[in-house]
Amino acid sequence: MYTNGYIFRYAAIMVIVAAALLSLAAVLLKPFQDRNMAIEKMGGILASAEVEGVETDNTIELFNKYVVEELVVDKDGNGDPYTDGKMEDGPAFKINMKKELYKENKGEAYQLPIYIVNKDGETIYVLPLRGVGLWGPVWGNIALKEDFNTVAGVTFGHKGETPGLGAEITTDGFCNQFKDKEIFDDAGNFVSIKVKKGGVQSMPQNMQIHGVDAISGGTITSDAVSDMINDVLLAYLPYIQKQRAQ
Amino acid sequence: MQEIFNIFIKSIFIDNMVFAYFLGMCSYLAVSKTVNTSVGLGLAVIFVLGITVPVDYLLNEFVLKEGAMAWLGPEFVDVDLSFLSFILFIAIIASMVQLVEMIVEKFSPALYASLGIFLPLIAVNCAILGGSLFMQEREYQNIAEATSFGLGSGVGWFLAIVGIAAIREKIRYSNVPPALRGLGITFIITGLMGIAFMSFLGIKL
Amino acid sequence: MSTEIKEREPLFSPKNMKLLTTPLNLSNPITVQVLGICSALAVTAKLMPAIVMSISVLVVMAASNVVISLLRNGIPPRIRIIVQLVVIATMVILVDQVLKAFVYDVSKQLSVFVGLIITNCIIMGRLEAFAMANKPWPAFLDGIGNAMGYGIILIIIAFFRELLGSGTIFDFRVIPQGAYDFGYVNNGLMILPPMALITVGVIIWIQRYYTRELIEEN
């Protein structure tokens, strides 16, 4: 039989060893992981603007080349531009979307990033997205053309959506549907883009430009993408309206 | 108050751990032979979920979350220990399960014997870790909401396992093809129950 | 424990081989022991994730079985669950962290499975039932055998769910366009979790039809 003292000693040593191993790994590997995550974030921004030839090795280089300006916008729609220096060190790139959207939700002041990409003379505005899926966070980027209405491209990412179902939001087949869709109706009212269960065909004719097909079997994730686009674009709306008015 | 009640109802029916998320299936399928044992296991799950979710909530709120250590002093504001959340959650769960195991062994040896290996396996009952991770993800506002979510999920799981156990007790008198008897037919019934439960999915509270 | 020196068993003695082969059919973890169902539902909508999951489970199971088997004489029974889970979780998280730092693309594919592997009851079930009472080498074989039995079922389910649900295999379209023109539609129900349960039910039916000794009393 084991004495209580032995059990406590055993548990204590085990916990210390496990915690030490994990902390060590976390501390030592953090710089590498952060770099990988930054590269993924840049890759997503470039991919939504449809910049071609992005590989892991050249992402940072391409990001600094194509992104010509970063903006930090507030809830009144004022943009604070950043153009000099490396784009990866810009204030917009460091913004934590989750925290800012949480503030927005509570009605506090918030700051959101916008990346302005210049692709062969064409100006594209990339807005990062973030929301909650079925099992964890989902995120992405939506790229708008100069009219702040037409979608140039999107990318999505997720932490743990069901493989083969919700996880399909990252596929080209799903993302390409968003291209050339519009976020405002003809009267200039904001309608966002809806991920429609049952397919775009089931929507009224004049609404089809604002909808894409949902993923079959991935209803909750599809709804999450819909909500995410709507909620985040609403947070950006003051800025977008201002730009459209000009 | 209303919010707490909403979360409770929602986690029982709409976000049912078994039928909406298909979590906690192993013990659900294996221990649902009779209503008596499933009531015992169901109560154990309610108990474990009802304790681990609030405990993990406190842990998350005051230790793990980025900036959670701020109460220790301003120099701790930037500490982010969320990489430890998996292992700490599972450690809390495992110790609770061990506690339940000792209690059940002491007070109800019959139930202990019939639960067999599935009592320790509550620890890896994904419904329970799932409960804590959902709690972390959904960012409940206070401990009352977290507790109500934990208890609601437990009750949902309890209802599911008692329901299938009752069906299995009835099915004993039916003429099931021999090869399908027992486990096979249980899988199929669970699938059908899952399809039925999908009708709750659209409800918003 | 007797102090006599036992005759050394050959590495692949018939007894050891049995550890590898029985989980494939007679004591299959999913269809007979009812372990690891949640993950079997979560990753089988497409073939690729099912295969990735099977391989990950194979690695984690073999490793944790060996570790627990080595520690088995020192683990106090009262806290054995915590010890087992800490061992599994530490290993899985460590591997995930290393992958995240050095092969980020692979880790992106795998990160979804990390939580599923830790809570996969098949791993803890085998630790509890086998590794706690056996030497490292048999424990290793038991881990491999059970992981293969688990993987086979996963791949069968995923094959049918992907074929009937999406009309593809490994994301390649295999059902000809002509069939769709003729009025064939993919069965959307197949990619929902309830149909995975029913597929397992049918697999059990077929397996028990041919393996009579598994048939249960009513």
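Residue numbering begins at 1 within each chain, and the chains themselves are lettered A, B and C in the order written.
Definition applied: contacts are C-beta pairs under 8 Å (C-beta built on N, C-alpha and C of every residue); 3 or more make two chains touch, one makes a residue touch a chain.
Quantities reported herein were computed from a predicted structural model and do not represent experimental measurements.
*Asks:* Counting only chain pairs that touch, give me the topology of the graph as line, ring, star, complete or other.
*Replies:* Complete.
*Asks:* Measuring centre to centre with C-alpha atoms, which chain is farthest from chain C?
*Replies:* A
*Asks:* Take the average of all CA coordinates in chain B, do the same for chain C, and state the distance between these two points in whole angstrom.
*Replies:* The mean C-alpha positions of chain B and chain C differ by 22 Å.
*Asks:* Between chain A and chain B, what is the gap in Å from one C-alpha centre to the other?
*Replies:* 31
*Asks:* Counting only residues that touch at least two other chains, what does the list for chain B look like?
*Replies:* Those would be 83, 87, 91, 133.
*Asks:* Enumerate the residues of chain A that touch no fewer than two other chains.
*Replies:* 15, 18, 22, 26
*Asks:* Any chance you could list the residues of chain C touching two or more other chains?
*Replies:* Those would be 42, 78-79, 82, 86, 89-90, 93, 97, 115, 192.
*Asks:* Name, in rising order, each residue of chain B that touches chain A in their complex.
*Replies:* Against chain A, the touching part of chain B is residues 83-84, 87, 91, 133, 137-138, 201.
*Asks:* Within the complex, which stretch of chain B touches chain C?
*Replies:* 22-27, 29-30, 83, 86-87, 90-91, 93-95, 97-98, 101-102, 117, 120-121, 123-126, 129-130, 133, 172, 176-188, 190-192, 194-195, 198
*Asks:* Residues of chain A touching chain C in their complex?
*Replies:* So the residues of chain A touching chain C come out as 2, 6-7, 10-11, 14-15, 18, 21-22, 25-26, 29, 32-33, 36, 39-40, 56, 159-165, 167, 216-217.
*Asks:* In the complex, go through chain A and note every residue touching chain B.
*Replies:* For chain A paired with chain B, touching residues are 15, 18-19, 22-23, 26, 132, 135-137, 219-220.
*Asks:* For the complex, which residues does chain C have touching chain B?
*Replies:* Per the touch definition, chain C meets chain B at residues 31-32, 34-38, 41-42, 78-82, 85-86, 89-90, 93, 97, 114-116, 118-121, 123-125, 128-129, 189, 192-198, 200-202, 204-209, 215-218.
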